[in-house]
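Shared chain: subunit A. Partners: subunit B in the first complex, subunit C in the second.
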Partner chain A sequence: MTVHNLYIFDRNGACLHYSEWNRKKQAGISKQEEFKLMYGMLFSIRSFVSKMSPLDMREGFQCFQTSRYKLHFYETPTGLKFIMNTDLSVPNARETLHQIYSTLYVDYIVKNPLCSLGDPLQSDLFSARLDTFMKNLPYFNPRAA
Partner chain B sequence: MSRQSNRTTDNKKMNSELFTLTYGALVTQLCKDYENDEEVNKQLDKMGYNIGVRLIEDFLARSSVGRCQDFRETADVIAKVAFKMYLGVTPSVTNWSPAGDEFSLVLESNPLVDFVELPDNHNVLIYSNLLCGVLRGALEMVQMAVDVRFAQDTLRGDNVTEIRMKFIKRIEENLPAGDE
Partner chain C sequence: MADEALFQFLHSELIQYIYKSGANGETENGKNITKLEAMGFRVGQGLIERFTKETPRFKDELDVMKFICKDLWTCLFKKQIDNLRTNHQGIYVLQDNSFRLLSQLSAGKQYLEHAPKYLAFTCGLVRGGLSDLGLKSVVTAEVAGMPACKFQVMILKA
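Coming up: the complex of A and B.
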């Protein structure tokens, strides 16, 4: 079990934060390109999912997986998007992503008047807390499985 | 993770008189800083707006409220959850327009005006105008453009405080320009 990386996007598609832990292979393009690609894909998949849904949709798109990794997606009603890539054995991570939002982003970014919302996050405190939070996740450690 | 357990104590009560007096000091200072009351109203709205765009995140993080299905649900959440959480009062939702796009929040008591009397030379001042800005800012962040204004105010001799809210439009999300 392990966590590969985490993206936070704002409602306009700007990448506010990116961090990675056990990522063995890079995309081979610049980070800016990668963020754009990721956001574009999420935007399309979200609208695809809501258009094709045969039932009234509440939560929408939550995750997808390939043969090697699983992408977890959580969006707040304000349009902030949290994306975490993990390996396949990690169960539904919505609760974790919600916690990153409610206990880390809101407390250290939104409530910090010096952090202007919509700019890439530069708070060291936030980064440090996020790192600790992620490393304490039961499925963070690759050897725990 | 220890942060999680602190959550409950985070909600500790603040002295409401201190809150009321702080707000009073803020309005008083604005009245000193600006020439006329219209300008003060505008500043209060602007400050409220800036509070609202951040407060909504705190609100969503603390309450487990998800996206509302329609404007009526939004009205209920504002009155029963948000006002209760931040001001400790529960306004009633009334006076729906026939089209369902406009309603009033009626407050029996407004905690902001507990010790306030408006002097005669401030009859244009909308003392609690900050609330309008907060509501406008918060709803804008959840893709709703609304118009918010005071329809009645106990400070002006009305029996109740009435905030009128009108739905203008949904703000659509667009793919950022320059992307294919």
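Coming up: the complex of A and C.
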């Protein structure tokens, strides 16, 4: 049970924050390209899901899984996107991502007048608290495969 | 008291506004801090009138300082001052180990140079409160490591 990495994008597609805890294989492209790829893919998947859904949609795209990892997605009403890759044993992490938004992002970034919204997140306090929060998750175990 | 978040946002915006309307941001640092402190002074005067409507007269200076540390701080920041020290000759040091207006900024050294701006309003607040309770004073603040900060109050003998 482990969390691999976390991305935070704003509504214009700029990557505000990225941290990784347990990533064994890199993407093979530069970080900037990786962010663009991630954002572009999510944009496409969300629009695909909403168009092709055979029933009325409530939440929209929430997560996808492959044979090795699972990607969780959460978008706030203000357009902020939280993406977390974990291993397969984690159930839907929407609540966790929502908590990251409401307790960490709002408290330490929105309420910090020295951080302008839309810039990459520079507050050390935010990074430290995020790290602690992740490590306290019941499904975070750095030694897992 | 009104919602905490409302005041925090208003306070941050107030500081940014004062700094933007100063002609040269950096060189007028002192003037901006003075403006903020003056605003806090006027607010403090008004606040203290409201809070002490029902309280009996204060016995002495120390009593006034204790009121500021306990009741006023609780009403404003929902906590009391953590440490009050005095030399019994008019100098008081109020220490707050986790000042509400700084706790979201950082937990140590980051953004330290911006900290005084966020303390100026509160310094004025304390000075205004004391002035309406009959004590002329000078209030300064210093930050060693956020979010702890110290307010130094010097009572001026008439």
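Throughout what follows, the second predicted complex is superposed on the first by the 141 of 145 C-alpha atoms of A that agree within 3 Å, B and C clash if a C-alpha of one lies under 4 Å from a C-alpha of the other, contacts with A are read in each partner's own complex, and residues count from 1 in each chain.
Everything below uses one rule, namely that a residue touches a chain if its C-beta (ideal position, glycine included) is under 8 Å from a C-beta of that chain, and two chains touch if they have at least 3 such contacts.
Bear in mind the structure is a predicted one, so any value in this text is a computation, not a measurement.
> Looking at A:Lys36 after the superposition, I want to know if it touches subunit B, subunit C, both of them or none. Which is it: first, second, both, neither?
In the superposition, A:Lys36 touches subunit B alone.
> Is A:Thr76 in contact with subunit B, with subunit C, with both, or with neither (first, second, both, neither)?
After superposition on chain A, A:Thr76 lies in contact with subunit B alone.
> Taking the superposition as given, does A:Leu125 touch the first partner, subunit B, the second, subunit C, both, or neither?
After superposing on A, A:Leu125 lies in contact with subunit C but is clear of subunit B.
> For A:Asn136, is the partner it touches subunit B (first), subunit C (second), both, or none of the two (neither)?
After superposition on chain A, A:Asn136 lies in contact with subunit B alone.
> With both structures superposed, pick whichever of subunit B and subunit C touches the larger number of subunit A residues.
Touched residues of subunit A are more numerous for B.
> If we overlay the two complexes on their shared chain A, which of subunit B and subunit C does A:Leu117 touch? Say first, second, both or neither.
Only subunit B is touched by A:Leu117; subunit C is not.
> Considering only touches as defined above, state whether A:Gly28 meets subunit B (first), subunit C (second), both or neither.
neither
> If you stack the two complexes on chain A, which partner ends up touching A:Thr103: first (subunit B), second (subunit C), both, or neither?
After superposing on A, A:Thr103 lies in contact with subunit B but is clear of subunit C.
> Is A:Arg11 touching the first partner subunit B, the second partner subunit C, both, or neither of them?
Touch partner of A:Arg11: subunit B, not subunit C.
> Need the overlap of the two footprints on subunit A, from subunit B and from subunit C, as residue ranges.
Common interface on subunit A, subunit B vs subunit C: 107, 111.
> In their shared complex, at which residues does subunit B touch subunit A?
For this pair, the touching residues of subunit B are 1, 3-4, 7, 53-54, 56-58, 60-62, 65-67, 141-143, 173, 175-176, 179-180.
> Show me the residue ranges of subunit A that touch subunit B in the complex, using the header's touch definition.
Touch residues, subunit A against subunit B: 11-14, 36, 39-40, 43, 58-59, 76-80, 99, 101-107, 110-111, 117, 129, 133, 136.
> So in the complex, which bits of subunit C are touching subunit A?
5, 8-9, 12-13, 15-16, 104-108, 110-111, 114
> Where on subunit A does subunit C make contact in their complex?
It is residues 107-108, 111-114, 123-125, 128 of subunit A that touch subunit C.
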